[in-house]
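Both of the next two complexes hold subunit A, though its partner changes from subunit B to subunit C.
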Partner chain A sequence: MSREEILSKVNDVFHDVFDDDSIVVVESTTADDVEDWDSLMHITLISEIESAFGMKFQMKDVVGMKNVGEMLDIIEKAVS
Partner chain B sequence: MTFTTLTFAYFFIAVFLLYYIVPKKWQWIVTLLASLFFYFETGIPGFIMMLLSVLVSWGSALFIEKARNKASLIFAVSVLIFIVVLVLMRTPFGSLVMPLGLSFYTLQCIGYVTEVYRGSTDAEKNPLRVLLYVSFFPHILQGPFEDYNELKSRLNEGHDFDYSNVCNGAGRFALGLLKKLVLADRIGYVVDPVFDNASGYYGFTIVFVMALYTIQLYADFSGYMDMAVGMSKMLGIEIRENFNVPYASKSMAEFWRRWHMSLGLWFKVYVFYPMLRTKLCSGVSFYFKKKKNKYLMKTLPTAIALTVNWTLIGLWHGFDANYLCYDWFCGAVIIFSEFMRPVYASVNDKAPKVFKSKFMDALRVVRTFIIVMFSFMMFRPTQLSTSFLMMKEIFIKTDISGCANFIYNNIYDLFLIMIPFVILLVVDIFKYREKDILTMIHSLNPVFRWTIYIAVAVLIYVCKGDRSAAGFAYYIF
Partner chain C sequence: MCARETEAQRDSLITFSEVMLMSTFIELKKNLKKDMTGFPEIRMAITGDCATQHLATAVAGAAYEYGLNMSVFDADYDEIRAQITDPSSELYENRPEVVLIDMCTEKLYADFCNLSANERKNFADDKINQMAGYWEMLLSNAKCKVLQFNFPERDDRVFGNYANSIDASFIFQQRKLNLVLMEEAAKHPGVYIIDLNSLQSRVGVERFCDSKLYFAARMPYSTEILPDIAEELMKVIVAMRGCIKKCVVLDLDNTLWGGVIGDDGLEGIQVGELGIGRAFREFQVWLKELKKRGILLAVCSKNDEDKAKEPFEKHPEMVIRLEDIACFVANWEDKASNIKYIRETLNLGMDSFVFIDDNPFERNLVRELIPDITVPEMPEDPAEYLNYLKGLNLFETVAFSAEDAGRTDQYRAEAQRTKVRESFGSYEDYLKDLQMEAYAGPFDKFHYPRIAQLTQRSNQFNLRTVRYTQEEIEALAADDSYITLYFTLKDRFGDHGLVSVVIMKKEDGYAFVDTWLMSCRVLKRTMEDYIVNTIVSTAKSSGFNEIRAEYLPTAKNSMVKDIYKEKGFTETEPGKYICKVDEYKVRDTYIKP
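Our next item is the complex of A and B:
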C-alpha cells in the first residue's frame, strides 16, 4: 500500500470518526487543526485506524505521535 | 526549608554561585548534591525512602531492558511496590513517617519505569542521573511531573550563565513569593477560622469565603510553581508549566487542562489512554459499533475510563472521603458533559447569535468558576461533614449583614490582598493573550524596570503574612 493510499484511507477514517466529510488531513495536520480532536477523540481515532488497517499501535506511539505524518509512518511500517 | 524562608534563600544563593563557578560538566553534580541536601532536611526516614524508591525504579528499568521476555513481570512488580508503599503511607501508622512529596516523586518513578517498559526511553545506567531526575529540588515536593526523556538532557547538560534568563527566572520567583506570602497567606488568615469552625456562618459569608479560598489555593499552588520554574530557569533548566490561567476555563474539562496540567497529563498518559485500550473499553466500543450506536460507542468507554481515572486521582490525593468526593465530583461533571455533548452541539447550532458571543463565553467562565468553587468545598475541609454543613448553611439564610460584618472584621487583610490580587489578574490576562509580562518588564528601560522590582519587593516585605511554618497547601500530598 502506497503512502498516498494510506493517507486517503486515513482521511476516510477521519470523516467517519468526526462525522465531517469536509475534513482534509495532510502530513502536517495536528490535533490543533481539527476541531474536536481532543484526547477522547484521539483514542477513538486510533481504534478506528487500527481496525481499518488491521494493525495495533503501541502505547508509546499513541501518546507520542505529533502529527498525521508520524501516524502514517507507523501505519506504513505496520502494513508493509 | 520551604521556598519562602530566609534559610532557603541562603541555600539557593550558595547553590546558584557554585553552579556557575564549577566547570559545566560538573553542574549536574552540584544540582544533585543541592537536591539531596534539600530533601535530607525534610527528615531522615523520608530521605531513605526516597533513595529506595529511586533504587527500585533504576534497577527495575535496567532489568526490563536487559530481560525483555520478563519485562511485563518486572514492570508489574515494580509498579506494585510503589503502589503498596503509597497505600501503606496513607494508613495511620504510615502517616507518622509520611515523607514529604511522596505522592509526587512516586508518580515520577512509575512514569520512568513505564517509559522504559514501553520502549520510549532507554534505561539509565547511572543511578545518580535517575536520582537527580526524581529528587531535583524545585520539583520533588509538589511537581510539576516531568517526562524523563524530556528532562534528562536539560538536567545533565552544562549551562552557560545567561543574564536575561537569570533576571527572568528571578522575576518569576518574586511573582511566586508575592502570590504565596501576600495573597495566599493573607487569605488564609481570613478563611481558616471559618473552615476550622464552620457552624455559625451562612449564605453570602460562605460563598465569599469559598471565592476567597478558590483564589487562595490558586495563588498558593501556582505561586509554588512560579518559584520552581523561576529557580530552574536561573539554573538554565526549563521545566514544565503547571498552570495556564485555569479560571478562564469555559468548562470543567478545560479547567483540568489548565489546572495542575502535569498531573492531568500524567494520568492521561498512564491511566486514561491505557484504560481506553483495555479489553473492557474496546469491547464496549465494539459492541455498540455493531449495534450502529455511535453515541454510546464513543461515550460509554470514555465514561468507564474517566471513572477509573478520577477514582485513582482521588486515591492519589488521599484516602479521605472528602478527596474522593471532590475528584468523583470533578469526574462526574466531565462525564456528564461528554454525554451531553451532542445536545450542546445541537443547541449551539440552532441558538441565536448571542449564544456564540463573547458575553456568553464570559458567562461560561463564571459558571465554571462557580462549579470549581463548589468542588473546593469538598477539597478544603478535612472532614466531609464540614463540607456538607457548609453546603447546607449556604441555603439556610442569605445573611447579608453577617457577611458585611465578616468583611468588616477582616478588612485589614482584605485590604492588603487587593494589590497582589490585581497583579495576579493582570499577569493572567496577559498570559491568556499569550504575552509574557515578565519578558515585557525585562525589556523596559532600567529605571522603570528597577522601580517595578523594588516596588514588588517592598510590597512583599510590607504586606506578607507570617505563616512560613504553615508551608504550602499541596505539601500534605
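Our next item is the complex of A and C:
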C-alpha cells in the first residue's frame, strides 16, 4: 500500500469517526487543526485506524504521535 | 421494540463470535444524532472508577436501536463514593431510573496490591460490604434500579496454578468476589449483575481489553467490545421495562428431531442415540429448561396432527412431551397464520415470541408477515443450534418466581377450558360450570416476588403501567398511605395463582388507583367485576367515599381504555375517572370469594 493510499484510507477513517466528510487531513495535520479531536476522540481514532488497517499501535505511539505524518509512518511500517 | 436480533441477523450469521458483532462503536455513536422523537425516554447514570465516557456513548447509542431515547449522566472519573454517599450529588439531581456502577478489575487489582498478606484473605468480603453499602444507599436515596458489573477475571500468575490453593492470591479473591456478588444481588431486589466476566470468557481477554487504552486513558474496555457491553446492558434494561420473551414456537422435522416424521416414521427419526440424534436431544433438554423457567413452548408444524404428536407420545428418547407444550398446532396452513392463532390462544404480545425453524423459507415468510416476532437465523448444522441460540441471549429476565415453573400447566388448562366452552350453550352456563373462587388480600411477603414480576411483565391489561421492583413493593406494603390488594383465582380445572394487583394511594378525601393490572389469561370471566367490587368495598372500609382512577395509554394497553367507564365509573376528563362509593352498584360475578 502506497503512502498516498494509506493517507486516503486514513481520511476515510477520520470522516467516519468525526462523522464529517468535509475533513481533509494531510501529513502536517495535528489535533489542533481538527475540531473535536480531543483526547477521547483520539482513543476512538486509534482503535478505528487499527481495525481499518489490521495493525496495532504501541502505547508510545498513542501518547507520542505529533501529526498525521507520524501516524502514517507507523501505519506504513506495520502494513508493509 | 425488541426485534433487533431479527433484523441484525438476517445476513445469516453462523458462528458464535460473529453473532456478538452487531453495530460498531462508531455506528452507535452516530445513533446519538438521529431523530428520537416519539421514543420513550429513560434516564441513566454511570459512575465508575475508570473512564466511562465511551461506555456512556455506546449505551445511549444502543438504546436507540431498542427504540429508547436515553439520556446518560456520566459522573466524573473515580467519583463513585462521592456521587453515591452524598444525597445532594449530581447523580441524584439527575433523577436516574437506572444507575450503572462500573468498577474495573484493573482498579480492583491495584487495591488488592496495597494490602498486607493478612488483609488479602478478607479482600472479597471487605469489598462486597463496600459495594452492598453503595447499592443500599442508591436504592434508598433514589427510585432507581442498580446495574453492577462483575469483574472480568485476570490472573496475575504470581502463584501460577497454585493460586487456586492460596486464599491470599488475587485470582482466589477475585473469583470469590464474583461469587459473593451473586449472593448479595440475590438479597437485594433492584440490583442486577451484568456478567462482564462471562462476556470476556466468550470473546477472550485479547478482544475484551486493550492495555494501552487503560494505561493512556483509564479505559478498561477495548473500543471493539463496547457495543457488546452496551448490548448486555440494554437487554437487562428492556427486560426491566417488561419487554421479554415469553414463548418459543418450534418447528418439528429437522428442528426438534432429525428427519421427517411423515416420511421416516417413529423409528426413523433421529433423537437420542440414533444418527445425529444426540444434538437434538441436547437441544430438547435446553428447551425443557426454558419451560421450567416459565417460557412457554408451542409447536407449529406442517404435518398431520396425529403424526406430529406421535413422537411426543411414543418415542422413548424424546425429552419434550405433550404436557410440555402449551399450544400444539400441526396442519398444512401457512406458518404465519398458525403463529397468529397460537398468539391469540396464549394471549401474548407478538414481540414476546421466538420462532425456531430450520427451514429458511419458513423463517423468511414469518419474518415478512409478522415483523414483531424474533426469528433467529439458525445454523445449518444441528450440532450448532444450542451454542448459537445461547449466544443470542434471548431470554433475559429480571424476575423469577415459583409460579413461573407452573405456567405451562396453566395455559394447557386454559386450552381445555376453551374446549369445554365450545360445548356449552351459553357463556354464562360455562362460567357457572367453572366454579370459580377468588381470594383478595393485602400484599404479603410470600407474594412480593410475583407481585413485582407482574408489574414488570403486564402490558395489555395494565391501566397505568407503573413498574415496581420487589423492594418497592415491600415498601408499599408497609406504607400506611397505601392500600394494596392482590387477587388469586382458581376454578375446577386448576389454579391460576396470583392474577391481579391493585395499589391505591390514600389522598386527601379520596383513594387514587395507582395500579390496576390483571393477567389476560382470566379475561372475561367476570374477574374484572369482582376486582372493581373489591376496590370499592376496600376503599369504603378504609373510610373513603370517593375513588379516583386513571387510564394512561401505551402502545399495548388499549384493551382497557374504557374499562372504568364500563364498570360504572364516571369520566371527568379524558382518561380520568371518579366513583362515589355510596352510589356504586355492586356488579354481578360468577366468582365466589
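Following the convention adopted for this analysis, the second predicted complex is superposed on the first by the 80 of 80 C-alpha atoms of A that agree within 3 Å, B and C clash if a C-alpha of one lies under 4 Å from a C-alpha of the other, contacts with A are read in each partner's own complex, and residues count from 1 in each chain.
Everything that follows uses one rule, which is that a residue touches a chain if its C-beta (ideal position, glycine included) is under 8 Å from a C-beta of that chain, and two chains touch if they have at least 3 such contacts.
Keep in mind that this is a model prediction, so the values were computed, not measured.
When the two complexes are overlaid on their common chain A, residue A:M55 makes contact with neither subunit B nor subunit C. By the touch criterion stated above, A:T44 is placed in contact with subunit B and with subunit C alike. In the superposition on chain A, no contact is made by A:M1 with either subunit B or subunit C. Judged by the touch definition given at the top, the superposed model places A:G64 against subunit B, while subunit C stays out of reach. Where the contact sets of subunit A with subunit B and with subunit C meet, they give residues 19, 39-40, 43-44, 46-47, 58-59, 62-63.
The touching residues of subunit A, counted against subunit C in their complex, run 16-17, 19, 39-40, 43-44, 46-48, 51, 57-59, 62-63.
Of all the residues in subunit C, the ones that touch subunit A in their complex are 25-26, 29-30, 33, 53-54, 210-213, 215-217, 219, 222-224. For subunit B in complex with subunit A, the residues that touch the partner chain are 115, 118-120, 253, 268-269, 272-274, 276-277, 282, 285, 294, 298, 302, 338.
Taken in their complex, subunit A has these residues touching subunit B: 19, 38-41, 43-44, 46-47, 58-60, 62-64.
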